[in-house]
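Have a look at the structure that comes next, please.
Order of writing sets the labels: A, B, C, D and E. Residues in every chain begin at 1.
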Amino acid sequence: MSETILTVDSVTKCFGGLTAVDDVSFTVQKGEIVGLIGPNGAGKTTLFNVISGYYSPTKGSVVFQGNDISGKPPYHLAGVGIGRTFQVVKPFAGLTVLENVVIASFLKHPKRTDAERHAWQVLETTGLADRAHVSAAGLTLAGRKRLEISKALALEPAFLLLDEVVAGLNPTEADRTVELIMKLKGQGLTILIVEHIMRVIMNISDRLVVLNFGRKIAEGTPAEVCGDAQVIQAYLGEAAA
Amino acid sequence: EERNFFKIGVITELSGDLVTGGNITKRGYDLWAQEVNAKGGIDIKGKKYPVKLVYADAQSNPAAGAAAAERLITQEQVDFILGPYSSGVTLAVAPVVDKYKIPMITGSAESPLIWRNKFKYTFGTIPPINFTGATSIKTLTQLKPAPKTIAIIGSNDAFSKATAEAYKTAAEAAKLKVLKFSIVPSGQDMTPLLSAVRSMKPDIIAFGGHDEEHVKFVKALRQIGYTPKALLMHCGITDKAFTDAVGKDGEQIFGTTCWTGTAKTKSKILWPTAAAYAAASQKAYQNPGDYTQGGCSAAGIAFQVALQKIGAKPGMNEEMRNKLVKAIEEVDVQTFYGRVKFATSGEYYHANIGLDPLTVQIQSGKIMTVGPKASVEAAAQYPMKDWKSR
Amino acid sequence: MNLLDVQDISVNYGDIQALWNISFSVNKGQLVALIGANGAGKTTTLKALCGLIPTAAGSIHYQGSRITGLPVHKVVDQGITLVPEGRQLFPKMTVEENLLVGAYLKRAHGKRAQTLKRIYSIFPRLEERRTQTAETLSGGEQQMVAIGRALMQDPQVIMFDEPSLGLAPIMVQEVFKVIQELHREGLTIFLVEQNVHQTLKVADYCYVMENGRIVGQGTGKDLEADQSIREAYLGF
Amino acid sequence: MKTTNSRGPAILGILVAALLILPLVVHDTFVLRVLTEGIMWIGLAIAFDVIAGYTGYLNFGHGAFFGIGAYTIAILMMQANLPFWAALPAGGLAAGVVALIAGIPTLRLKGAYFAIATWALSRAIQQLALNVEFTGGPDGMRLNAFLNPQFFYYLMLITVGLTFLILWYLLERAPFGLKLKAIREDEEGAKALGLNPTKLKMQAFILSALPTGILGGIYAYWITFIDPSSTLGDLVSDQAVVMVVFGGMGTLFGPALGALLIFAFKTIFWAYLSDFQLLYLIILGALIAVSVIFIPNGLWGTLFKRKAAPPRREEPALTAVVAPEEGN
Amino acid sequence: MELLPQALTDGILLGGIYITIAIAFSLTYGVMHVIDFAVGEWIMFGAFTGFYLNKWTGLDPFIFLPVIFVLYFGIGYLIQPVIHRVLSGTKGNPFLMGLVFTFGLAIMFRGLALTVFGFYSNSIPSMFSEGSFNIDQFGITVTIPAVRLVGLCYALAITGFLHYLLKKTNFGLGVRALAQHKDAAGLMGVNSKRTGSFVYGIYVGISAMTGVLMGCILSIGAQMGNEYTIFAFFVVVLAGMGYLAGVPWAALLLGLVQSIFMIYFNPSHTLLAVFAILYVILLISPRGLFGKGV
């Protein structure tokens, strides 16, 4: 497995005077799970937003499956196979869970009946099928996080960006989500994930990229990164060491 | 339908932007009906038929006006109609009354547009503004020392703009130099514009607008402290409400109208004189009434005269109504309002051309006619006294 | 006597009942924790306690007097405060203004200069950022402001709703350190957390919630030893 | 929602059939006129709801499309001497083109800003009509009278009926409606799912403008007189807002019901209680205020307990920045 | 060119009027997130109250400003809970509902006013309506009507007062907190109901006082409200909704545009220009002139 699916090439993103992402480069290979970690405010979500087209990079470029996608709008990227979730889960609150997913299914299934059938399948996979007709606003946090994943999956993406989909879940719920992620990996999906819960991130990631103050300070297997003095000092804290 | 009273539809603006004008027309129609009924009704060949007014609010909206006409005609089965305050609503109502062949006389709408359309069943007792506007300009130019320059401002609604244009045409004809001619959006504060006007020092400032704008205009002029030799507005100033609102700042303002409560008119029908009408109005509404209200009462009288002439009884059929239209076209009568006679051809088709337009001036809170010569009650006070020394 | 006494409270969201006859109590100076699955009703419990949502039944007593049904501003006036889920700072205000709003109450207003100093000594980071608007702070910094703001009220009971949520490990340790510190200083603490391991370590006493009901209780050690609790809430 | 989807069309079918034979039974032209106007308001309300209820953009300048349609037809018929049938589509087209041109910049605005920008735009258009020659300025325009009540009744019925059907298909059956709702709920989030909000909003705006312009055109020919204050004023926009909110936003039946009831209330009051004309304003105002308090979901939403009612969004936008990890 | 000083003066004075109309309105929007369609009607009610008080007592209407403030403060204070209820509803879209609610109020108030006050226009006389200051120096001629100057001073005083209240008092801190996050403000001990009522009361009170001023400068009538509502919206949006500090600048800009347009361009296009400018500014800067609206 060494086909590169995503290349982040010296990406910098500034907001006014603030450099949220500072000259970050890394690659993601097809089929692997890469964890993106770093202290709060390190620029992880910002980098996600750059990759998924919400921001265009101030400098640098993002190459996806050989095409330069920097600056392309999100809906275009959804079309070429990039699915993402949001750290702040925002379901379409006025719609049902099913409708939420159907909207994403339209991308590959323009007919409404097909889209609905596909959405049901996705909900089965993510374990939300029994809540399909519930208003999305009535879901618990765990449910909403799962809905967030369902919507991204309904796009039938090749590459998935998950932003803190486990945060706030209790350990059991977290385990179920981890299982789901592993299952998706099994289906050949490539995943870039942000998470603060070490128990989760260390277990599922093939590789880790660590950001601090917008810069990449480390990259490697979980074990390598855990031992990195800089990472301990900036992110993990003494207790973890 | 057999009835022993005349059922008359009234379409006017009882709500919406033009509620003020609409209510003034209502007073005019009501006062006429009251007076007729106090005398037992309209005397048709010795039998008296009282009148009953059925109102329909046009909501200051042409569509509502048309619906009102349709309702009054088809559901209320009125004998004829007294018409709206504004030209816009009148223009929407006229085709409907034409279609059903129901005569309508409006006591107010005075845009020249109505008459150009030559609606067969629509009449009006107030002469169009382009007909009346010239008189005042003429009166002013005859004053000494003769004014040489004029600034004309009009609000951007159909009536006010027509007023301003009428003044402009008349001023150019009278060889006055028009220093400024501006149309302004309705309801705005005109102070900056008047500052510009002030710098040109015109002898006359003429303004076409509605009630509320008149008040704003005078106050703005007063606030910037420019006193022209003559300030001319339209008939709006003849309403008592105007003098009430502006007080002594209203003194010596000129206006154009075709009737005042002191007009020298004589009549055998209902009120013998304008003064008698004004007194009746004062009694009913604590307001002597203005030319719009008078015009509306006169519209009733015009119907009355035509009905009597053809001996029409309530519940007229189409033939009778056509006769009535013919009779209205032939009306030529002296009323408290002056002579009512409708044109039967030309650009004033079915508008009242029997009246002599008047130039009036507010003197000691009263509306005095200062021109033309035949109607003069008092000499024009000219030039206007400075705002500050009042 | 219990400082805070909750008896049989129920809460509804429209047709849905979220809490079913919840009872528990908190002693003065204790650190009591509440754990449970997502959607168990923990946040709801906290909101009901401080009057942010109405209770359908039951009673809440604080220092022996009934506070059920009091509006939130009256409850906090009595000395209870909440560090809410998601921090809920005033985004356009600076750090210092956020803290000063904490001293809005009469009780706290007089000594606000003093308390402010103390908070800056606990969180020196905040003093560095005092003129920065809250919305531009990092997640951990925001959490510090939220805690500081609650402390500005000079409360006797402070309730935390998932203070470690979304924080980097190093910040989580920091927050737990502060909580323990406040506990040592004698504040009464009611802690809702998803980070069950840590929580059970620091709590004097702990309640477990499920589907809107209290289903278990005990000291932190007891619960950690309990097999069913381990399976349900500790994972792995 | 399921129930309205299946039963709604059936009830609607019966209703349409009744409406179609009505003029054969009822000869009272006033009743026909009132019905014609009532149907027109239904059309205006549902067209308004495409952008307001489905897409979440409250257009306070909806009346501008109506006026543009009316003026286009008046100008084409009176100045270019086109027959009505040729002018009518142009009315809708003109409104659509204005929607396209105005939509590109305005649809970038959010919430109250969009509402007020569209309102300012409609005011500007009104001022424009007051100030150019070919519209007749404040004098307005008169069209040649063709006063056939049946003709206008059927024309209005067919236009609004078709509008309803097309909208119903697009919004309730085809993916389009659901996509619009996604934008209403969360425009940013919708992008991640492959939706192009700019394009969809544009389509909705034009879809809202087209029928409105056509209705304006029919109105002009029917009433025979138009001027800036009656066709380009606040009347249409204001009424549309009230009708849609009263009936229930984000559905087609809600606005239709709202339009019908409010129009009926107005008309009955106007026709039969005209002595209380000012009381009417007081009652209408109070009715609006009270209905907002007691039926915040609108009549339709309350009667049929829609689950999909947009719930209350807590502190808008602000908290999102501060509280990236939102809980419940 | 000789007209320029006067044009600027007129524009600034007109701007002063717009400040008075909009400033309190902006405050309520900022705190309660309600777009009050009835703002013009509050101005109208205040104007008529001043008119009748003057008529009955013969005293200068400015003397009654405090009375009118207190009276309308009370009315606003009492009405606010209803608006609050609408805005904190859990169903529908409360923001829209609030908008429609006040829209209903405005219609009702207009009907009430037409019934009670009648349909005539009027004017309020005051000791200030007479005088004016004339500057005639260095070839510059400028007239400043006293009553408009008073209006400008009033506007600045109110602006100063609101600024002080919001920025320097504990109450103001609570108000600002409430504006940004209702629940969190409650947790800080801010009584959201009472504070909301206070703010709404202040707004209604100030608007009513403004009405008296308008009656002295311009005219009054039962249907006058609509015009003021339009300009209040205009200024508040231009300033950035709820951004109080932007209001004076937006108001002055509006006044100046109107004045300069009336003097130097075709006056008939004044409103066209005004609306077009609002439109264009919103497109360039979607959150008002300063980009600081909420």
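Some points to look at:
Here is the rule we go by: a contact is a pair of C-beta atoms (placed from the backbone, for glycine too) under 8 Å apart; a residue touches a chain by one contact, two chains touch by 3 or more.
What you are looking at is a predicted structure, and each value in this text was computed from that prediction instead of being measured.
Note on connectivity: the fewest chain-to-chain touch steps from chain A to chain B number 2. Listed by label, the chains touching chain B and chain E alike are D.
Distances between chain centres, each the mean of the C-alpha atoms, put C farthest from chain D. Ranked by C-beta contact pairs, the top pair of chains is D-E. Separating the centre of chain D from that of chain E, both taken as means of CA atoms, is a distance of 31 Å. Distance between chain B and chain D, defined via averaged C-alpha coordinates, is recorded as 38 Å. One simple way to say how far apart two chains are is to compare their mean CA positions; for chain A and chain E this gives 48 Å.
The set of chain A residues that touch two or more partner chains comprises 87, 140-141, 164, 167-168. In chain C, the residues that reach two or more other chains under the touch definition are 39, 88-89, 91-92, 139, 162, 165-166.
Within chain E, the positions touching two or more other chains are listed as 90, 114, 180-181, 183, 268, 271-272. Partner chain C is touched in their complex by these residues of chain A: 18, 37-41, 87, 138, 140-143, 164, 167-175, 196, 198-199, 234-240. In the complex of the two chains, the chain C residues touching chain A come out as 16, 35-39, 136-141, 162, 165-174, 194, 196, 232-236. Across the interface of their complex, chain D is touched by residues 33, 35, 82, 85-86, 89-97, 99-101, 103-112, 114-115, 180-183, 230, 233-234, 237, 241, 268-269, 271-272, 275-276, 278-279, 282-283, 286-287, 293-294 of chain E.
Those residues of chain C that touch chain E in the shared complex are 14, 50-52, 71-73, 76-77, 81-82, 84, 88-93, 97, 100-102, 104-105, 109, 149-150, 153.
Listed in rising order, the residues of chain D touching chain A in the complex are 173-175, 178-179, 181-182, 184-186, 188-197, 250, 307-311, 313, 320, 323-328.
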